[in-house]
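Across the two complexes that follow, chain A remains constant while its partner is chain B and subsequently chain C.
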Partner chain A sequence: MFKKILFATTASPACDHAARVAFDMAGRYQSDLSVLHVLGVPSRGFGQYVTDVRTGEQLVPDEDYVAWVKEEMKTTYAEQLKQCPGCTMEAVAGIPHTEILRFARKTDADLLILGGHTKDRENEGYTYRNMAGSTLQSVARSARCPVLVVSRPAASFWGGFSNIVLGTDFSKAAEHAFRFALSAARQLDCRLHLFHALDISGMHAGKVLEQDEIEDRLRDSLNTMRRKYVSQMKDFKNYEIDAWEGVPYVEIVKYAREKFADLIVMAHHTGSRDAENSALGSTMEQVVLRATCPVISVNHADKVSQDA
Partner chain B sequence: MAKKILIVDDDPNITSYLTEFFEDNGYATCAASDGREALDVAKKEKPDLITLDLEMPDEWGPRFYRRMSQDPEIKNTPVIVISGLSGNQYAIQKAVASISKPFDRDELIKIVRDAIGDGK
Partner chain C sequence: MPEGTLCNRKMVNEKEFLSALLADKQGKQYYAELNELDVDHKKLVDTLSKTLKSRTKTWLEICAHCGMCADSCFFYLANKKDPEQVPSYKIQSTLGRLVKAPHKADNAFMQYCMDTAWGKCTCCNRCGSYCPFGIDMGVMFSYLRGLLFSQGFVPWELKIGSGMHRIYQAQMDVTSEDWVETCEWMAEESEEEYPGLEIPIDKEGADIMYTVNAREPKHYPQDIAEAAMLFHIAGENWTVPSKGWEETSLAMFAGDWEACKMQVESVYAAMDRLKPKRMVVTECGHAYRATVIEGPYWAGLASGKTPVESLHYVEWVAEALRTGKLKIDPAKKIKEPVTYQDSCNYIRNAGLRDIPREIMSYIAEDFREMKPCKEHNFCCGGGGGMNGLGRYREQRNIGLKVKRDQILATGAKLVISPCHNCWDAIRDMEEVYRIGIRWSFLKPLLLDMVIVPEHLRAEE
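Let's look at the complex of A and B:
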């Protein structure tokens, strides 16, 4: 588990909390950690210039500049590197999500770590802060391995994993997320919380449910969890199951907070059958942005243990 | 008997500074250098208040708080987060207060007094 971790970073303060988790995990789980910075962040096309992330200057990414950026990365993460002396630093020019995915393939990474936003745009208003960054969107869609996102600083204060929440809506995609969560819980000796949020947001649009009906559905959800998941867990007993009604992303964030979860695992998009072309699901996106712990998105089953 | 404060911090300079500061203000103190040790000390000493760092070598502050909140004897002990990490006010939702390092001693002692009263 987590043998090869790729941490994609701007090496700026916006990624500090993701860095805290990445380096802590590498030290704690003896992982090979690669730190990748994609130079530039060009807005479109394949230009010859890159924009320096700190100064905003337009520069040609020649050998000297790349070497200098790597040195700057080492300086930025000097403290963390003391704990992870084997960690490698790489800088390449290109479109960030393309290069991150290319590097992940090349190094056969089994986990990718990103921040929720690569830029810190405090003054750009509610809409920006309410959306996952575009690089994260593209990487989470196409990565063959699970993607761990640390969006808020408060999500980086745990130091390892011992309490995993799986948010499920019982879809096929959620099955992969379950297998990954169970495998992580087994290998890292964690408590696994299987959680389903019953969506009653339609109540405000006039789709009223009687309380008896809500509670019937919650009971059905618990039984579905027993049938679909608990039955596959064999000798693994360190789990609990819960179902709450509400707006799903709110309930998942609340549940994780209540259980002191240090990791949430969810499917990238549960409503879509086409993993290659689906955006980060709306519930997933909000959980990523709001959770007080890291969130892992599982989209493809390639790196997910099949022997749950 | 003086009210007791448990200081949890991996930096010995902070621990000794806080120990002296609280004792000068009439409180008794005990200390631990990480979350695991802190739980043992908290169970043994039953402090009236805990000051908690977030990032520590082995067990971090929020994990200690989780384990502490599962122990009926110490779960209601007020906690003040003292940390240099940004966003520390969101680390432990039920904390009495969160203070960033470097901190103002007057502000800290006011929070302590509001939470548990004077030392004696």
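Let's look at the complex of A and C:
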């Protein structure tokens, strides 16, 4: 299921943890791995200059420069390349999320791997910092394939998969996430934990629920999971279902910790076109920042096996 | 010394030459060669004799040096009323002298002309509105740019820019294949949210042929998707041409008259081929000026008009809102104070003054005009190619102050700017001066507030 992996990297320490996961997975599943680095962000109108994402320098990315950047990437990942000698390195200039999506489409990637935020990095230019924050949002929103995000060092220790947690909000996109999680659990022989977090964060705003009502809703959620998901799982028995109440991202992270999850699968969907605006509200983004394992966002059905 | 290998009077017609220019980091070698470039006086006199017409001669002659143009120029205001920034001085000390004594033009003088034509003027044409004789220094600077270009005295980025048009018929290295590919990609991206959405390529006889700025397929393909969504919601019968889709003209900024003609002819050829009823241009000011206002003359069209009626994007939006093709959800109108940046290229050059006000009346609850505004509005500070020129970055940033203060005075934090150049300049202004504003094209704002008809909605 991970035949063509695309690892999009800032080629900076911010992506080291993601790199470890990317190369490890590619080695483990004998995947074709492409490493893509968006080296510069265009910033000067029609000008040919781009702002180098690492040095902040203004430059024109001609062939020589791109070749040099690729060499640098090979040096950066020299150790990891030993496990994946067939891995290809690509460097392009452009708006990161656009180029990542364009490349994923061109290579028909079936898994995209991204590092976490670089928002807090001092040495990266103003423009790039603003963009890095929204790159994840935009990529997760539009990518046709699952997007695996590794943001914390703790999330990168990878010893193969044993436990997969699916966080669902019962949306249409969550249906795709479920299919992906199920197919991964089958193929990798994992335990699948289906989980729904009942959002009671409105309590602070005065929307107090009676405990009976909370429990009724949790029961409903469990039934919905049985109806929507378990009914499709046929002979697959290695699963459990749970529903907890709370603030969704907190509950998902807690649940994943309790179940020793190696992977969280979620749908990322937001109606908002403005990535910066939706960033704070997005449960997925909060889970990514806090989880101790990689998080896969699935938003489209394209690269998800349809036979459950 | 005669011509250099990069800085010379040759046109960039081959990829090898273009690559060599691009490889020259920040134009270092190019500008070093510029210092040695001689002036081909014979050619200069010849060009003048063929192109210097009565209007320019008269303008240069009748200028009364009254100084009425001084306060009209944002560079003059931003540079603490430096007399050398008075438009009439700028043009008399360059084109005026050049015309009087072309034989005396030496390298230093030509460089002074270049630094004035591109570094002290954005060809916003505002001075022309304030001159009692109607002398338009912006028009004359465009002419001067052409003379300088033919002699090889042109900023490095614009030598490249005009070369891009010559080689790719686009301001960036976007081929016809890249363009079609990007349209297909964006249609795929959008079809889930808008079932049935298409980006029809090369459809004959459509009501609208849509054309863009090469930056959109290159860096901002989402803009194309947004345009497609809005056409889809409005129920338009539209298409994009596989060739002749690029509206912009860095050749115009560069003064490369030949490439200007080639570029607009590629768009007109698409019109002839696909026979659309009308053409709509994306949210770009100079693209509209180049292809719709100036282009017909470059291409020698006797009517002075494009082969089919052509609209700027704001005209299409206003029409769609007026006729109810696009309906705004009243609850989603922009509530916060919002202001609007008039692009010089379609305000002073095409009179699109009331159209944006009409749009704002449909979409904004607290619209605040800049002062001055409409045809008296100041240039964003980055027009005429200035945004992209490294050599004049500092001058550009000083010039931005006028627009910055105009925006701040409105109290609005959101600036609507249906022009790529203005959009860029305002973004850079935020980067340089950090005044806490946001800037947007119309498309994403409209998509957030338009009512999607029942039959076009995706099932959830």
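Here, the second predicted complex is superposed on the first by the 274 of 308 C-alpha atoms of A that agree within 3 Å, B and C clash if a C-alpha of one lies under 4 Å from a C-alpha of the other, contacts with A are read in each partner's own complex, and residues count from 1 in each chain.
To be clear about the criterion, a residue touches a chain if its C-beta (ideal position, glycine included) is under 8 Å from a C-beta of that chain, and two chains touch if they have at least 3 such contacts.
Just so we're clear, the structure is a prediction, and the values are computed from it rather than from any experiment.
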Inset, instruction - Examine A:Asn163 and indicate which partner it touches, taking first as chain B and second as chain C; both and neither are also allowed. - result: first
Legend entry - Which superposed partner A:Gln58 touches (first chain B, second chain C, both, neither): second
Legend entry - More chain A residues in contact [chain B versus chain C]: C
Inset, instruction - Would you check which partner chain A:Arg257 touches, where first means chain B only, second means chain C only, and both and neither mean what they say? - result: first
Inset, instruction - Using the touch definition from the top, say if A:His17 reaches chain B (first), chain C (second), both or neither. - result: first
Inset, instruction - Have a look at where A:Thr292 lands relative to chain B and chain C in the superposition and call it first, second, both or neither. - result: first
Inset, instruction - Please work out whether A:Thr98 is in contact with chain B alone, chain C alone, both, or neither, and reply first, second, both or neither. - result: second
Inset, instruction - Could you look at A:Asp108 and tell me whether it touches chain B, chain C, both or neither (first, second, both, neither)? - result: neither
Legend entry - Interface residues of chain A shared between complexes with chain B and chain C: none
Inset, instruction - Sort out for me which residues of chain B touch chain A in the complex. - result: 54-56, 58-63, 65-66, 69, 85-88, 90-91, 93
Inset, instruction - Provide the residue numbers of chain C that touch chain A in the complex, in ascending order. - result: 19, 22-23, 25-26, 157, 160-161, 171-172, 182, 185, 188-189, 192, 215, 218-222, 248, 250, 382, 385, 387-390, 420-421, 424, 428, 431, 444, 447-448, 460
Legend entry - Residues of chain A that touch chain B when the two form their complex: 16-17, 20, 152-154, 156-160, 162-163, 257, 260, 262, 292
Legend entry - Contact footprint of chain C on chain A as seen in their complex: 42-49, 58-60, 62-64, 94-95, 98, 102, 105, 126-127, 142, 144, 171-172, 272-274, 300
